[in-house]
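Okay, got some structures for you below.
One chain, chain A, links the two complexes that follow: it is found with chain B in the first and with chain C in the second.
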Partner chain A sequence: MINDFNYLKPGTLKEALAMYAEHEDCKVICGGQSLLIVMRQGMISPEYLLDIKHVKDLGYIKFDAKDGLRIGATTTHRAIEKSDVIKKIYPVMISMENKLASIQVRNWGTIGGNLAHADPAGDPGAVLIALKANIKIGNAKGERTVALEDFFVDYFETVMDHELVLEVHVPAPEPKTGAAYQKFNLLESDMGIVATAASVTLNDNGICKDVRVVLGNAGSTPIRVKRIEELLIGKAYDENLFAEAGKIASEDCEPVADIHGSEEHRRHILGVLTKRMLKQAWEEARG
Partner chain B sequence: MNKYTVINPHSKFTVLNTHVHNIDGVAKVTGRAEYTFDVKLPGMLYGKILRSPHPHAKILNIDYSRAMEIPGVYGVVTGKDTLGVKQGIWRRYKDLCDEQVLSVDKVRYIGEPIAAVAAITEEIAEKALDYIDVEYEVLPSVYEPLDAIKKEAPEIHEGVERNINVTRHIEWGEVEEAFGEAEYVREDWFKCGGQAHMCMETRAAVASYTPEGKLTVWTSTQSAYYHQALLAGVLGMREGDIRILAKYVGGGFGGKFELDGAQFCSAVLSKKLFRPVKIVFTREEDFIATKRRTPMFYYVRTGVKKDGTLCAREAKVFTNGGAYTGMGATALYLTGFFHSFPYRWKGYRYDGYRVYTNTLPSTSMRGFGAPQAMFCSEQQIEWIAADLGLDPIEMRRKNSHHEGYEVPGQATIASCGIDQCYDEIRKWIDSKGKLPANRAIGISACGFMSGGIFNWFDTPYSFSSAVVTINQDGTVELHVGAQEIGQGSNTTMAIICAEALGVKVGDIKVHSGDTDHCPADLGAWGSRQTLMTGNAVKMAAEDAKKQLLEFAYAQSGLNIVYDLDIKNGWVHAIARPERGEDFVQLVRKALRGKDGQRIVGRGYYTPHRKGMISPAYSYMLQGVEVEVDEETGKIKLCDSMTAHDCGQPINHLGLIGQLEGAFSMAAGYGYLEYMPFEDGKLMNPNLVDYKMIRATEMPPANIAEIDTYEPEGPYGAKEAGEGLTNPTAAAIGNALFHLFGIQMKECPIRPEMILNALKEKKEKEQEKKGKK
Partner chain C sequence: MEKRLLTLNVNGQDYELYINPKTLLVEAIRDHIGLTGTKRGCDTVSCGACTVMIDGMAIKSCSVLAMQAEGYQITTVEGLEVNGKLAPIQKAFIDNGSYQCGFCAPGMLMSAQALLNENKNPTEWEIREGIEGNICRCTGYNSIVRAIDGAAKGKYTEAKS
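Let's look at the complex of A and B:
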């Protein structure tokens, strides 16, 4: 049962930051798709809720060929899914969003809220780290930008120190870049039991110039598997290498067993997904 | 889009056999349907239940004085405030009545009610639970039937040896002699899981006891009459002083015809406080503190001739009964009976043991023991066909029931469309052509009952009754005790009434879910209402019609060899349909002729001379096309076809809805819905971790309806809403068998199990190679 709380509804970002600074026991809500669940379960019972749904300055999707993509924190998953520019430049984000919960949830849930919640099973985290995204956070005292891979600290914990998520920044992709994401689950729209995001950039000779593999729900935060980068950079397309990368992924993760799968099963699936996503991303990069 | 085809349609009806939208649909989609959750009464309090954290413990003391000090708390009740009646639906078999609902001195599963609080808000009531001090003596517990049956296992119910709650035996023919004729014998062990009923509406009740000594309870139930009688028993009241109201119910699936904590605790609180008390279960409570589908261990030995003729079968079953009997004794019988379906066995022997454990009690759930039976039987049949190199459809066909077949000592089959089901599924398989390498089709056959003949409740009333009253403007009041729970019962009854009376569905007002105004009826379980209440409604409507036609005849001046009828509100001679008069005119004349008394028709139904189990049986064969990711073990259902015989369909839309719903539940049982326990605690009591097929991911559910005529059913109708829960788990298993040659002996079939089976198969193959 949800305990009583005081409801704060700022109109501008400035107001929001001021209110947030004023109340220590305050959680930010912008759709509540994650927050209300933990509140209902009684895991947290904040004194204040700061509703930034109607803050004007935070809902936007902007793209610039040099600067890349900037998504305001209150942008809904559905808005991302429907964005033509994202569909064209970052198609992996569309396929990720398509399977993020249900349309009802995507209509209401936001990208900022999803990342701030820091559930390692969240879909956007792994994909955005693979795309080398940064995140802008801030409070009344100022703003700062951190690489998204450094943003997550532990289960449901981030580097934020009573700060708000303001913006997600995804660099413009280099030419000959492909990316892919897949989660393993029993129902298509479920959270992933485990997931893998991969991004591959090739040079003109088809040799791997850059690669990132990020594992979702394979530990307390999304896991960037650097050993796979070492393995693949400078190499040509080779399915045996993808299999080897899969093996590394199944080693370099820390999945926790629960009723949806044993640790061994999760490691196995991460290996399979890594192999497949690398192949898919590579083939997309080749064009 | 799903395909729905009717094979050999043969009927000429006006209302029946068409597509009728649910008559309560508008009220529901516009939010005006009042469910128990919506009931709000003046002075109403909110109740919450304190539940046992222990799987097995003695209650030494309960002190709720601290809770009473909280402002807003009005009262607390414990087992001591009750009569301590051990209740159950088994009024004829007292030793099976073993559940007090509000425990008096001992708890036997995690979640069992210990005390209930009433307060001015739900929040205060919930908070007060933390201030009730309970002293327990924790006892050793046991969770699995095969452990609980051991000599040294803890005793869960006093004096119940080896925790064996019920045994059931079914036997016909000379079993060993029949095995002697077999040229091939196969035996297998299976393990079938539980399943949550997962009604959209959780258990809920608002109880209001007044100083006049009358109790009214709004509740979510499959049988208002059962709950009236059960509450009377536990509260020491007369049935007639209790009124149950259940106009709208959000699903039952077999889980809502026993007394639950919401009903009992709200009634006890209201009786103590003289205030209305409302209790609505959270989703978690609905998972951990109601009941579930019965998990079963199945041993099956089957003997056949080399040509595929089935000779004999022997089955032994141990079920996980959980802490109390519930409807489990019937599930234990029916699983054994339907395990023989739909085949003719020369010798058949079944022994079932229901074993108490310290887990959530198990009970009836859509299919009533048959989904487990079919998961085992239909896979083993498929394996036997493969072992013998026989066509699995032809092998099934040559052994199947047929019209006129007698299941020895149990049932006579008066209608049976299974033979045509085989043709339809064969056609569907052929139409698919060659499948992709990662896909295969599995099939599974089964049958099901159309209501139970059992009267463990020992009711003196007819199983079903109906009253039809005709108003002066031609509108019709239909009073039934049949329970509408979302399955469309009211619509079905309105259709039958309209057809019989010769008026439109829109002319019928159905009154149900109110024990003060509706006749007693056993309610919505075991697929009984369409046949049983349907017969009562048809009889009542025909009774009223006969009375009307007497007036029509008297004024017509026709020769007595002419027959009169009413169709579409037109009263006419059958031979001269143009000569007649309007139904409303006739009703008005009839009223005058009866000195103003309304025309009232009565009907009832109680099965007689229909064997042990049910008045009629439905049949079906299902094919599912399954895709499996060999590396991850993930299953996807790509397509399905069900050939189905429910006699004469009453309402095609209703039938389609029921079949699709049953299929989604059956598929869920086959590969998704899984209830893992650790130390007696359910590990996934929420809808994030308990997986059900969502509407957006529902696989295609094509239907070929085989139109047959069941002489015992109204207009030839029989079961349609439940049987299709039975075949799918086995069909999925059979698809996996054809895809990989693996045999899945446990359900639900989860990805990890598939990968393990593949691994095991590989290892065995390598071992073989090594030996060579």
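Let's look at the complex of A and C:
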């Protein structure tokens, strides 16, 4: 049973920020596809619920070749999945969204809500960190932008201090960049038992200039594996190196054991996914 | 907690409700409005039995607050029929034996209709993706896929009673 709460429905972002500032014990709902579940389980029972689903100022997808991609917090997963510009410039986001929960959830759930919920098994976190995304957050006092990799603090915890998610910013990809994402699960629309996102940028000679590997559901937050970056930058295509990177991923993750898999199993799968995603991203970067 | 007044438009008709804001859309539809075609299954956004359409999009009514659905056109399985006659997709489900226990059918029908609204000519794979958020525990998926395929191919253009 969901506990009683007072319902607040602002019309604009300004109103939303003012209402949020007024109430200490207040949770923000947008699509509510994660929030209502934890409220139903009685895990949280806020006194106020601030509904920003209909705040129009935050529903947008903008792309500029220099500035990159800006997605408003209340943009639905489905809008991202159907965006032509994202399909063209950031295809990995489309394949990630395609497998995020079900169509019904993507029709109502939002990117801002997904990130604010900070479930380490969430799909967008790992992919967006691999794409070097930033997140704009704020309250009535002001706004700030943080790198998404610094946004997640722990299970379901972020750096937000009574702030709202306002916007996700993804820089324009450098030339010769490829990215890939895969989650391991039994049903395609389930959350990943583990997941790996990789992004690779090559120079004109096909040497790795930049790389990121981010592990999903492998710890309390998405994990960026910096040791793999040290291993691969400056190197040419070499499948043995990808295998070595996989070994590093298995070592540097911190997965828990649960009904879906033991810790050993998760470490093993993360190694396999890392090897495969690096190969796939590298081949895409080569074009 | 302060009760709230809201107007929900369901199947083209406005309903004025005075509810606790924690009321879920599925509760408003079933318990307050009295349309019990929409089923309440898992209550955790997993099974899809509670699927309805909001402005033509399939959503799970167990995970949307009724307050959030104000201002939209909500369609439930009762809203599929036209002038007392079954819609093509409903006829297709009957002809293909796509009901076994029948519990998933209202949600399946709404996901199927939402798919057909946006994709007139889906491939089998697209049909299967279209109902990925709906679980049928009798596992009658093949007959459901055949029904949607038949409806898409225009085998049931005339709504029959």
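In this section, the second predicted complex is superposed on the first by the 287 of 287 C-alpha atoms of A that agree within 3 Å, B and C clash if a C-alpha of one lies under 4 Å from a C-alpha of the other, contacts with A are read in each partner's own complex, and residues count from 1 in each chain.
To be clear about the criterion, a residue touches a chain if its C-beta (ideal position, glycine included) is under 8 Å from a C-beta of that chain, and two chains touch if they have at least 3 such contacts.
Quick caveat, the model's predicted, so the values are computed rather than measured.
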Check whether A:S189 is in contact with chain B, with chain C, with both or with neither, and answer first, second, both or neither.
both
Touch test for A:Q33: chain B only (first), chain C only (second), both, or neither?
second
Who does A:A65 touch here: chain B (first), chain C (second), both, or neither?
neither
By the touch definition at the top of the document, which applies to A:I269: first (chain B), second (chain C), both, or neither?
first
State whether A:I259 touches chain B only (first), chain C only (second), both chains, or neither.
first
May I ask you to name which of chain B and chain C touches more residues of chain A?
C
Quick check on the superposed pair: does A:D51 touch chain B, chain C, both, or neither? Answer first, second, both or neither.
second
Touch test for A:M43: chain B only (first), chain C only (second), both, or neither?
neither
Contact residues common to both interfaces of chain A (with chain B and with chain C):
3-4, 102, 188-189
Which residues of chain B touch chain A once you look at their complex with the stated criterion?
122-123, 126, 631-632, 634, 671-672, 674, 676, 683-684, 688-689, 691, 693-694, 696-697, 751-752, 755
Residues on chain A engaged by chain C in the complex (per definition of touch):
2-7, 9, 29, 32-33, 36-37, 40, 49, 51, 53-54, 78, 101-105, 107-108, 188-189
Chain A - residues contacting chain B, complex
1, 3-4, 102, 184, 186-191, 258-262, 265, 268-269, 272-273
Within the complex, chain A is touched by chain C residues 1-2, 4, 20-22, 24, 43-45, 48, 51, 54, 57-60, 63-65, 67-68, 71, 111, 114, 129-130, 132-134
